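Both complexes shown next keep chain A, but they swap its partner, so chain B is in the first and chain C is in the second.
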Partner chain A sequence: MKDEIELAKRATPITASAPSATVVSRSEELSPYSRSKQAREAERVLNRIIDDFDDNPQAMQYFYDLFRRVHCRGESIAAEGPRIGTTCIQAPEELIYAMGATPVRLCNGSYHYDQIGAEFMPAKSCSLVKATLGMLTSDNPVPRVGKLDLVVNPTTCDQKKKASAMIEEMGHPVFNLELPNVKESEASRLYWRRSVRQFAEELRGVTGRKLTRKNLKAALARTQRAERAFRAMDGFRRASPSVLLGKDAFLVVNAYFFDDLDRWCEAVETLNGELGERLEKAVRAVQKKAPRIVFTGSPPIFPNLKLPLLIERAGGVVVSDETCSANRMLYDMTAVDEWLVNDMVDSLADKYLKPCTCPIFTKNEDRQRRLLELVRNFSADGVVYQAFAGCQVYEMEQRSVARTLNEQGIPMLYVETDYSPDDEGQLSTRVEAFLESIKTRKRMRT
Partner chain B sequence: MTFFSGIDIGSTAIKIVVVDEDGRLADQYVTATRSHFYKNAREAFETLLGKMGLRRDQVGYVIATGYGRKLYKEADDSISEITANGIGAHEVGKAHGGVRTIINIGGQDSKAIQIDSQGAVTHFVMNDKCAAGTGRFLDVAARNLEIGLDELGDYHFQAAGGPLDINSTCTVFAESEIIGLLANGHGKGEIIAGIHHSIARRTVRLAKKVGIEDRVFFDGGPALNKGLVAAIQAELGREIVVPEHPQTTTAFGAAILARSEFLADFAERLGAGRDFHVQAGLSEQGAREACSPQCDAGGCAVRHGA
Partner chain C sequence: MRNSPESPAVSALDWRVLAQAARDAVNACDFNRVRFWLQLFFFALMVYGGFAGIDLGLSLPTFACGYNQTGRPGVCYLLPLQHQLALPPRVLFGFAGIGVLTGFVVFFLWFIALNKGWCGFVCPLGAIQDWITALRRRLGVRFSRYSQKSFETLSWIKYVLLALMIVIPLGIGAGYFSHDMSAPFCMICPGRLIIPAFTFDFRQFVIDFSTPTKIVMTVLGAMTTGLFFVGSFIKKRFWCFFCPMSAFHYLLSKPAAFRLIKDGDKCTRCGDCYSVCDLQIKEIADDVNEPQIMMEDCIMCLKCVAACPETGALKAKFAGLTIFESTEAGFMKRMQKGAAP
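On to the complex of A and B.
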């Protein structure tokens, strides 16, 4: 078993390169893939992420290069063992790693794939689901995941639930990980525990391995390292003035979707080292008075970093977020101290259900509490709430979140949008007006 | 005498306002935006200066706003049209006893803005990316009915029956709905009244999202349309304040802001001190605002709070 972990550690997904090394020149010859629409879209956004801002951290180069290779050049992701696609953060990745397989999160942010996926979905539906379907049906899927041994699809919102059959029709084996609609009840807890045990059983069939206390502990050690690295990065973002921009933070966590786990940890640890230095030397990523924003709602996934980029180009800074493509993914650390493997799986299941603040649950006061906590801890001035047009649950929760924040005197900007770039002009007006009103508010207070 | 200007480069029209040192409206100019945002804005600014007999260096500070604000490089600064609208409406609204809620319908968007007693924006909502219920909607309707935009108001009050129901809020679908109604023999008056009510319903829904407080101020080009004003009043169930120049409130706000930015800069540059207003060459009121509050100590001739 130890050997297997060693093997996994040594597994080099994309062409080996140390973090923060290789700088890829743009004039390099383009492969045929690079001329595809998807690649051009990714290239355009990536260049904006890099070039529109001064003084990007050196350690971000690892992530810029990674996205350039995987998203703009279509380099494939090699992985140890069977490859398990996930369509949501509710799929316990510790189980996947424990059985020597590699998870890759399929949630996609490309407008190009969104248009392809539109074929499968009603007119007004979620860009994320459409783009994921579009990517899976495409001849050139990016990230280039190759053959998926299994797609695990937690039964969350209606659109993701119904997408399951379509993914199956596309030729991918699908396991529906049954998630309850209610978070608080004991019945839900038991139901969810059974679902997770069934998932472990399913993985056993796919990988031909048995889940043991030993391999689960080893997997937990690896994911805990990632969680620690994320927490440390998150800690640096509390600093005011900020040392890291939100666009970079989103990119870092988005990379976790497909990057090799250990290599990712190493790169984030390097970044954290640099952030520590920046903090010491008082290197600012933004102006001192830049409005500090907590981002919530539908998840920004590369290349759709439209809204965070608009905020930061208008002089604001995203200091934290409450989204499933970043904070919600790695914030809650797993500490399993049970003795028996079955009990370990149960407590792992609890970790996935209890802290989840996804709006698919009937009641979701935890999300409001979490937002207030983030605003407080990160000294935020306001909240930007993104809802993808067609994502009913986020659209519906907007009212209660707005009310709660309003009661606390925290301004919120609600933006309904999708992956298309055509509302950028209009959105920039709204974002700028929001930031201006925050600045005026601050000026009046002092 | 120093002047200050706000240039609002909208999707449909360019609006330029010049204010004097005391923040009073000196002159204004409105022209179509067309396809050359930048060139037309520059020309419009020159036209207005020519009309006023001003040299460019007599305009101390220029703030650009509206969709084309970033393209207008000659401006000293730019600001979003929502903030500018808030400032402008606050200033204009003083004559009406003060306003707190603004409804603005522009060429391609509509907004509802709530401001505090200082004119600072506290809340706002804007329609999403489609042009339903905006100036463009009226434009398309007028073209379908083969009447001028400025005639819409008159037709509204000539409706034979009650206003017809126009259900489509989408500009494209409403077009076919209008054609259908014409084919069924309905008169232009009823159709136009129907269109106005359809826009009004949508706008009031937007306004309710920010919360309606105190007096409601309605501006933007379509506020010139008396029929639409009547429809919004009916849907809202209360009277609304329409300023004398609804099209230029936002540009006026930008000009007011240009003035205060200039005065703030000036105060910083000259610092406090005696004969401040003489050195600055500002009027009594301009100097009073520019040099407070540090000047008191310096023996400044301006009587603060006078």
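On to the complex of A and C.
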């Protein structure tokens, strides 16, 4: 641990400059961290993402480099102002940006931290929560985002709710952002709007700044740029055959967790430019008949891109997703009628609650409708549903989602898994069989 | 002649490309600005049209106030309707009934052309409320909303006013009420005072002391006018929520040509439409089953369409033809405020 801290001091922080074209070399062994088991886990996945596929978009290099620096080398990530950690997508980051702080999404995908978390968490808790807590309990964890001035913990699922006290015990100041667990009622809307206001108050205490019309409007413009870039990238994924693979799309949005906002936008806009060219030149990333998959359920977070990678290495392509580590995080956009603080805050609050398809809510109609719409819109052939073992809400919704999809003749593969690499062999057989059955169906139809 | 089989195909393609370009331009328009100018145009028409010699008849489905005797380009149907209903029953249900029916049919035809678009785009009282809203916004004062419960309760008032507007004149005709109550709704309508005032006609700004009934009616009128100004400063489209014309419209809206259509499959229920809705209609965001989404309080201002980020989720259609629809690109253009790149 001491070495790691030393390293963090020495390592040059990644500054907010334009995406560099230089490829971060792989062999360069910099530090004790990069020789650690944890770094090797990230390295192995990253190399697979890059090497197992031909003809990756050049603009993806920025993201490959970013992950190599942050996850494989443990370089620190510079940020201005206070650092606000968030444990779910419902924490309105516009408020954080408006008050001069920088949000960082803490949800973690590393098996290393999953194992650390398992030491003090119940055996049946989900990998994501275990890994997140495992990371928060470590000294100088990766990604190295620096000291957290506040951890915002939206009260979503039981495990995250109960994690709140544990995070506090680890020495982080925690703010519980009270999220209702029914979202249809008017009472829940009002309750949530009040919660968001309380969050703004709390931030004011942390940052010493006031929320004004000007800074909030500017923050909305910044996140809207990200949403625009995301939607443009998403639009390219409608093309058939695909021009962008799901593994890259997941990586891009995973980078949003910790990357500098403006630099991230710039990199995605560059990527979009290249995807546009690829579309025109009819360069395609997959075989013409590759089964098109919509990914749903527990979120793939780097380095745990196990399942999307298995799908795409087996010849499928993830064309869209309904997960909180990608689509659900950046898809929805805010509409404001009157650009005054109150109306902007209320509109923001609505955006974070109303379209959310998280399974923690009592009903899941919106999630089912969303999946059907994604399948239609992205001409998908099937759905892969990932549930982390221990994520009760996703496990419980599996049946109703499967029923709805089956009624529409859409095949679904349900996969219960976790962060450990042990089940990869077995999973790959199942994924291959699923993709094969889709191909057969397609052949039969034509 | 050898080229002829080819050229129609080419021109058809050009035409389609042009039509698509035109549609994209409309869908990406700065909607609030377009609507502002349309409202200004219709305000001028409805308040000053008479000076230009325009006469659109006695059956207009909007507040072209009859008390604005010089400027009106026609008359709000509610005024003649109340007078007609106050005819003695024998006359009303006799030969004069034909005239009454004709008036209603003309009103109905006017109405179904624009549906509640009359409220959102044409009504001068609606435009005045929007201007008061703009003033409040400039002053940086936030608007208020009804709680869901009061919304549901208050929502009945317009039907009560509509019923009274029909029952009282019938009662006058049958001799139950005094003629001093004639055109009872007009007496309490803020339009009677406000709209003639735009042509410097302030004759309605009086309390009529000739009889007790007239005192009550004119005092009520003065009070609603005061309430109109205060209310619409606090609440967007305050008056429309209580307007019996709106209730009347809604009861007749089934066959309307102009429609607000929702494709629930495309809706993510993000609530953007709800948060811009002046009448705080919840169904616009929450109902994903009903394609005919124009609710009773809707004024068809189409702000919801302009604020919807999902392509094709909300549409304004005229006689089956889409004239304005929500698009992702249009949304992004309209909502791009602040320091955007």
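The working rule: the second predicted complex is superposed on the first by the 427 of 446 C-alpha atoms of A that agree within 3 Å, B and C clash if a C-alpha of one lies under 4 Å from a C-alpha of the other, contacts with A are read in each partner's own complex, and residues count from 1 in each chain.
Throughout what follows, a residue touches a chain if its C-beta (ideal position, glycine included) is under 8 Å from a C-beta of that chain, and two chains touch if they have at least 3 such contacts.
Predicted, not measured: the structure shown is a model, and the values here were computed from it.
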Item to check | chain C versus chain B on the shared chain A, clash or fit after superposition | outcome: fit
Next on the checklist: On the A-aligned overlay, A:Glu416 touches which partner chain: chain B = first, chain C = second, or both, or neither?
Outcome noted: first
Checklist entry - With the two structures laid over each other on chain A, which partner does A:Asp337 touch: chain B (first), chain C (second), both, or neither? => result second
Item to check | Which of chain B and chain C A:Glu184 touches, first, second, both or neither | outcome: second
Checklist entry - First (chain B), second (chain C), both or neither: which does A:Gln58 touch? => result neither
Next on the checklist: On the A-aligned overlay, A:Glu432 touches which partner chain: chain B = first, chain C = second, or both, or neither?
Outcome noted: first
Item to check | First, second, both or neither for A:Met444, with chain B first and chain C second | outcome: first
Checklist entry - On chain A, which partner's contacts cover more residues, chain B's or chain C's? => result C
Checklist entry - Once the shared chain is lined up, is A:Thr362 touching chain B (first), chain C (second), both, or neither of them? => result neither
Checklist entry - With both complexes placed on chain A, how many Å separate the closest C-alpha atoms of chain B and chain C? => result 27
Checklist entry - Touching chain C in the complex: which residues of chain A? => result 184, 186, 213, 217-222, 224-225, 228, 231, 331-340, 342-343, 346-347, 350-351, 354-355, 366, 369-370, 372-373, 376
Item to check | Residues on chain A engaged by chain B in the complex (per definition of touch) | outcome: 389, 411, 414, 416-417, 422-423, 425-426, 429-430, 432-434, 436-437, 440-441, 444
Next on the checklist: Under the stated contact criterion, what part of chain B meets chain A in this complex?
Outcome noted: 67, 79-83, 109, 118, 120-126, 128-129
Checklist outcome for this item: Listed in rising order, the residues of chain C that touch chain A in the complex are 137, 140, 142-143, 148, 264-276, 282, 285-286, 288, 303, 307-309, 328, 331-332, 335-341
